[in-house]
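Letters A, B, C, D and E mark the chains as written, and numbering starts fresh at 1 in each.
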Amino acid sequence: MLEIEGLSAHYGPVRALSEVNLKVEEGSITAILGANGAGKTTLLRVISGLVRASGGRVTAFGEDITAMPTDRIARSGVAHVPEGGGVIPELTVEENLRLGALWRPDRADRARALDEVLELFPPLAPRRSKAAGTLSGGERQMLAIGRGLMGRPRMLLLDEPSLGLAPLVAAKIMAVLRDLRADTGLTVLLVEQNARSALSISDYGFVLGLGEVVASDDAATLLADDQLRHAYLGF
Amino acid sequence: MLNKLPPVVVHLLAALGCLVLLVLLTFAADPFTNLRIATVGYYLIAVAGLALLTGFNGQVSLGHGAFMFIGAYTVALLVKRVPAFPIWADLLLATVAGGVAGLLAGAAAARLRGPYLAGATLALAVGLPAVTQRFPELLAGSNGLSFTVNSQPAGLVGTIPSTQWQAWIVWLAVLLALVVLANLARGKLGRTLRAVRDDEVAASLAGVHVGRTKILAFLVSSACGGLAGGLQAFLLGTAAPGSFTVALSLSLLAALVLGGLGSLWGALWGAIALVYFQVWTDDIAEVLSLRSDISDNLPLALYGVVLIVVVLAFPAGIQGGLRKLWVRVRRPVPSQRGEAS
Amino acid sequence: MSITSHEKLLHVGGVTVRFGGLVALSEVSLTIRPRTVVGVIGPNGAGKTTLFNVVCGFIRPETGDLSWKGRPLRKHRPDQLAGLGIARTLQGLGLFGGLTVLENVMTGAGRLARTGSLASLLGTGKSARDERELRDRSMAVLTELDVAHVAQLHPGALPYGVRKRVALARALVSEPELLLLDEPASGLSTGEMDELADRIRALTEKTAVVLVEHHMDLVMRVCDEVVVLDFGEVIASGSPDEVRVDPAVADAYLGTAPEELPSA
Amino acid sequence: MTTFFNLTLAGLSSGAVFAALGLSLVIIYRATRVVNFAQPALALISSYVAYSVTKGTGSYWLGFAAAIVVGTVLGIAVERLLVRPLRNAPELSPIIATMGLLLVLQAVAGMIWSNEPHAFSYAFDFRGRFSAADLFAVLAVLVTATGVLLLFKFTSLGLRMRAAAFNPEVARLLGVRVGVMLTLGWGLAAAVGSLAGLLAVPPFISPTVLDEVFVFALTAAVLGGLDNPLGTIVGGLALGIGLSYVAGLLGPELVPLAALAILVSVLAVRPAGLFGRATARRV
Amino acid sequence: ACGGAGETPANNGGAKSGEPAPGVTDTEVVIGSHHPLTGPAAPGYSKISVGARAVYDYINDGGGVNGRKITYKVEDDGYNPTKTVEVVKKLVLEDKVFAIVGGLGTPTHSKVLDYLTTEGVPDVLVSSGALMWNAPEKHPNTFGYQLDYTREGKIQGKFIKEKLAGKKVGLLVQNDDIGTDTQKGLDQFIKDQIVERKTYDPANTDVTPQISALQAAGAEVVVCECIPAFTALTILTSLKIGYKPQLMVSSIGADPATLTGLVEQFAKQGGTQVSGGALLTGIMGTRYLPSVRGASDPWTEFFKGIHDKYIPQEPFTDTMVYGMVQAYTFSQALKAAGKDLTRQKLLDAMSSGELKGPGLTPFAYSKDDHAGYTGALVFQIAADGSVNTLEEAMTTDTESGEVKAVDDKRPTPQEVKLVG
């Protein structure tokens, strides 16, 4: 499904990822964990082509996407909800959502997806025609995730989705992810600070430290590994 | 050791050093080169003022020529109507007049952003020189005013060419103004200006009065524009609307970007580029001796090409390029300043 | 002039804010006493940030009034708050990207500077001394928050957690009497959150804190009092323990799924 | 009374021209967040092409078509060769680069067609207070503006173009071909700009003929709100009529000052133009 | 260290006889000028120096004047006074020109007047009709060239008063000294006939409001003191609003060849099916130089010959002839100044009163008069594009002096031959 081999990435002289190897099974939820600055965001950005790898290979759906342009990766069914959401404040809520599915030809299904997302996040519905810039922090995060779901992706990359969300909503999102995986076989790559809640719905987890994979295992095993938790996950 | 002195002393010493160098340079140069040295001087202060407004404070002005217009007419009117005033007083008043105009413009512009500010300042550059048409008796309409400033002390007349004397006066005024700008850029105010540029909300929460800061930036910057215009009038003996076109305002901005935003050094490179690019392109066109339609237009084309090439090749301007070079040279010795303070 | 003489540091009385048809705050009242930590929680869009905006003067309420140390605050502007002794962090980061970390913090200390703009223009010795003092004080705060090593860097490339601390340092350097924190823990790791909790508690020696946060364990740990907003209305208030068991709060905000309930 | 009526009609037709060129600025601004200072030069070159083609073939409409095609191609070329390499540069760089291009193209026009003016015909009979040519200008502008408005507001292509402009990175993440969108935006804008040129140039063409129109077009665009095609049309027509009154009743030398006064007083009340709205909340 | 400093003494050093004059060698004399070659003011003016250069090339090919070839340096000032000062100082200080010849424009050239006076540089044949060039006391080195606007106004005023008696007159003038100086002349004759005065701004090409006002005032004659583009705009705008006044155009904007180029395309849309300058038919104007459209004139033939040889690709217009006459006149003065060339000798030759040449009227030049051409004839454009003379050349002064017929005889090209 998604295979990463020997991946490195640099920001100028700063090395953000070095020789990362990682494998994600189709239809699984995989957590990417690690302290601040460990390289989690960079990993997702390399996968979706926003940052060019300085070495290594990314393969998704059996295709080498290391050098593929970002928009093509997106159109092949990889949705990336970036850190901080990345809603476009000048556009309305509905326009933001519609953007998420525009590349899909099925017009009727796009409309259906819109209804589903608005149902999933009730606060968005009454604000459909308002500029996204007027939303509260949490509402924007909902909008970003909703937009990611609009495209009915095969793989969803979520960068700290619970940032700024009320506990109830955060929990609901975790539940939705679980359901989607079960219903549609969605593959999820989940970057979270809150390792506990991330691992609680994940099948597998990778722990990054200073740009390298320092541990990887079944989610349950990672949760139970006290030493690892103290060293890298801080709880 | 130098660090212990108040900034004003450091900057004054630096300015004094520059002035001495310049005076020496003017002796080495022929009269016409001295005129160009003086020209670089007044463009420098105009561009430096713009650097403060646009580079430090993030307010893009496409109309800075309007403040030069005000400065030039102030000097022109004073020379013609109040000949008793010494030239330094005229220049001071030109600076003040530019500043007052900037205060008004800044107050009107404080709420405008990005292209809206750009559009409004462009309209200022187009609109303001039109006042000369409204008051033809005072401002002499589209012909403008011409006059001669006799500032050279009697003892020096005949010993040094007048352009050399003028270059001294211009650079003395420019360096004094630069000292003020350097104090400002290095100190609290410079920091505040940049903070407002980066994030107005955060700046206001840090206790910065955003509107007032933006107006202040406009004021200082247009005072520099007024001084530059005054110096131009002093140097060339003219003040006419045809000199203060949109093209002037735009070339000031071009000089700023070419030199490099966000540093007063950039203004120097920009001013030199502004003066000498045109000289070079004119010379090249002259050497080639082509059909008149082509040779007439060639300098303009070359100048445009230079603008494009420099922007593409040095996105951070000349100063940015130099700094990169400097860092490469200095790489082996890590900077210690962080720990020292 | 000791702060304890004022029973009420900040008082918000019956504030209502509307955006078009949407009621963002309705008749909200709130009192902050010196050296206490008050948590403001509620679902997304409940009006928490809006409440801060009203206090800071970014939004003028339709009705209601505000007072600071017993004196009414009317038509105040955001930049006057720093002078009064109120500091705020933003829900985003709000750092100045073009300034170094040290300069960022120095900007926050503006109210402590004694020399005016003119002195700065002239670059007098006094203004230079002032600058040195500011610099020292800012460095001290950065050191206290363990981020002194990045003082000369620009915030853009720093890890998120570090940037959060810089933002906090900028708010603290002016030694405020009231600190408004808007989701200070978002994006922090669990370890960093613990550290933050300790730091907030330590602040209460001098400073009162209003804390908007979605991490319940943090709120429950540091707050003396918690106010719950929902659809712009105060639906509950009291000690953390009282609020936690309030069924209305559980319904609107905390949820009841046991696995997601924070363990204090 | 008739004076007033006449001035209004005169203002309407010059306002239509401001609006058209303003519209092309708005399209580019929407598409790339760049204020394109080379826009008058692109329109100039395509108008000169129209001049030559019309002169060669004797057909106004062949020249018209050639101008639109050449303008579009030029716009695309400028985006590809000049603006795209600057996408990560500081915000002022594209302004300076397009200014440089303005100088180059004006000079090139002078080299090819000389700096002396040539006659340039109207599309239709220009005789009459509100002539067929005036009517054509106003209608062409209204139709184009409506088209552009519909495109941006109601089509997914328009939505994609706007997203690409506001935040290219996020747009890419959502599968938008940002490069194509930007190129399309410039091509479309240059086509509209060429139309504006063809309307603005008559009766005489010379390398600097569009300079003044450009300043007023930018004023109109800012007046209406740079993000809003409708606003630009209203802004352009209002400016045209306002300036016509000033020129007729107070004196032509006051026109630039009046433009400044109008702009400042509108922006004082509405800093984002008549129809612009401050979308993003600031805190 | 370049020892140039001593070479520019503060006072009229260059004019002292005896020393070798700057810019002059045995085989060359360098002269300079400033013109708007680019920018908004270039249309209409950029071809003047082209014509002048052709004449200098012709003279140089014939061996030059007194054995010296003329090197003609034209700097582009874009009609920007600041640039004018810079380029003129460059010409004087760096290129060391012998004289400035035909510097163009009132707002521009007025800014270097004092400078050229102080430096003692001859400043001859200024291309502008302003009155200020004629101030021998203050500016002993400066000589005008063009017929000034006041004299021209007087000649037009007198003609209208006599030949178009009783008609209501409207005025459209450029909003600078062209307008005010012209009015001074017109008002001496037809003050009571004038029913409306309007100005235009060269930066604003929409003259509909002005023309409408003239129409509303019922003006039957419109005196248009406009540069060529605005004469053409006036014609087209009148056509647009259905207004048919008798136009009287001043020499600066009455070049029929240029006007034809500008308006002929609109003749078809104007409803007249006649070809060529149908729209120009009947327009009256004043001129003081031979016209390319006039009845055969030996000077026109002569200049046409130079044109065809040196610049055949350029259109042959009155504007070009303007530059050619200027260059020829300067060459005549240069010749008169003699082999032993100094600046003072050139000035003496200028003020000798002997200079006679291509122009239709005499120059005013004398020791205490530095004005240029002193009069003009009135012509009318015929349907076939040619021009007919309505009134032979008249001459007058800038004050209230009489307007009288020219009695001088014009020399032919053969009589003042410089080459061969």
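Before moving on, here are some points about what is shown:
The criterion applied here is as follows: contacts are C-beta pairs under 8 Å (C-beta built on N, C-alpha and C of every residue); 3 or more make two chains touch, one makes a residue touch a chain.
Note that the structure is a prediction, hence the values are computed from the model and not measured.
Path length between chain A and chain E in the touching-chain graph (shortest route): 2. Of all the chains, the one whose CA centre sits at the greatest distance from that of chain B is A.
Between the chains B-D lie more C-beta contact pairs than between any other two chains. Separation between the centroids of chain C and chain D, computed from CA atoms only, is 47 Å.
Put simply, the C-alpha centre of chain B and that of chain C have 42 angstrom between them.
Note: centroid distance chain C to chain E, computed from Cα atoms, is 75 Å. Annotation for chain D: residues 107, 110, 114-115, 207, 211, 251, 253, 255-256, 282-283 touch two or more other chains. Touching of two or more other chains is recorded for residues 133, 201, 296-297, 300 of chain B. For chain C, residues touching at least two other chains, in rising order: 49, 56, 58, 90-91. Remark: chain D residues 156, 159-160, 162-163, 166-167, 169-178, 227, 277, 279-281 touch chain A in the complex. By the touch criterion stated above, chain B contacts chain C in their complex at residues 5-9, 11, 179-180, 182-184, 186-189, 191-192, 194-195, 197-199, 201-210, 216, 220, 262, 335, 337-338, 341. For chain E in complex with chain D, the residues that touch the partner chain are 37-40, 42-44, 46-47, 175, 199-201, 203-210, 212-213, 216, 229, 232-233, 236, 239-242, 261-266, 269-271. Residues 27-32, 35, 39, 133, 141-144, 146-148, 157-158, 160-164, 232, 236-238, 240, 242-243, 245, 247, 282, 291-292, 296-297, 299-300 of chain B are the ones that touch chain E when the two sit in their complex. Residues of chain C touching chain A in their complex: 19, 22, 42-45, 48-50, 91-92, 157, 159-162, 183, 186-192, 214, 216, 253-255, 257, 259-260, 262.
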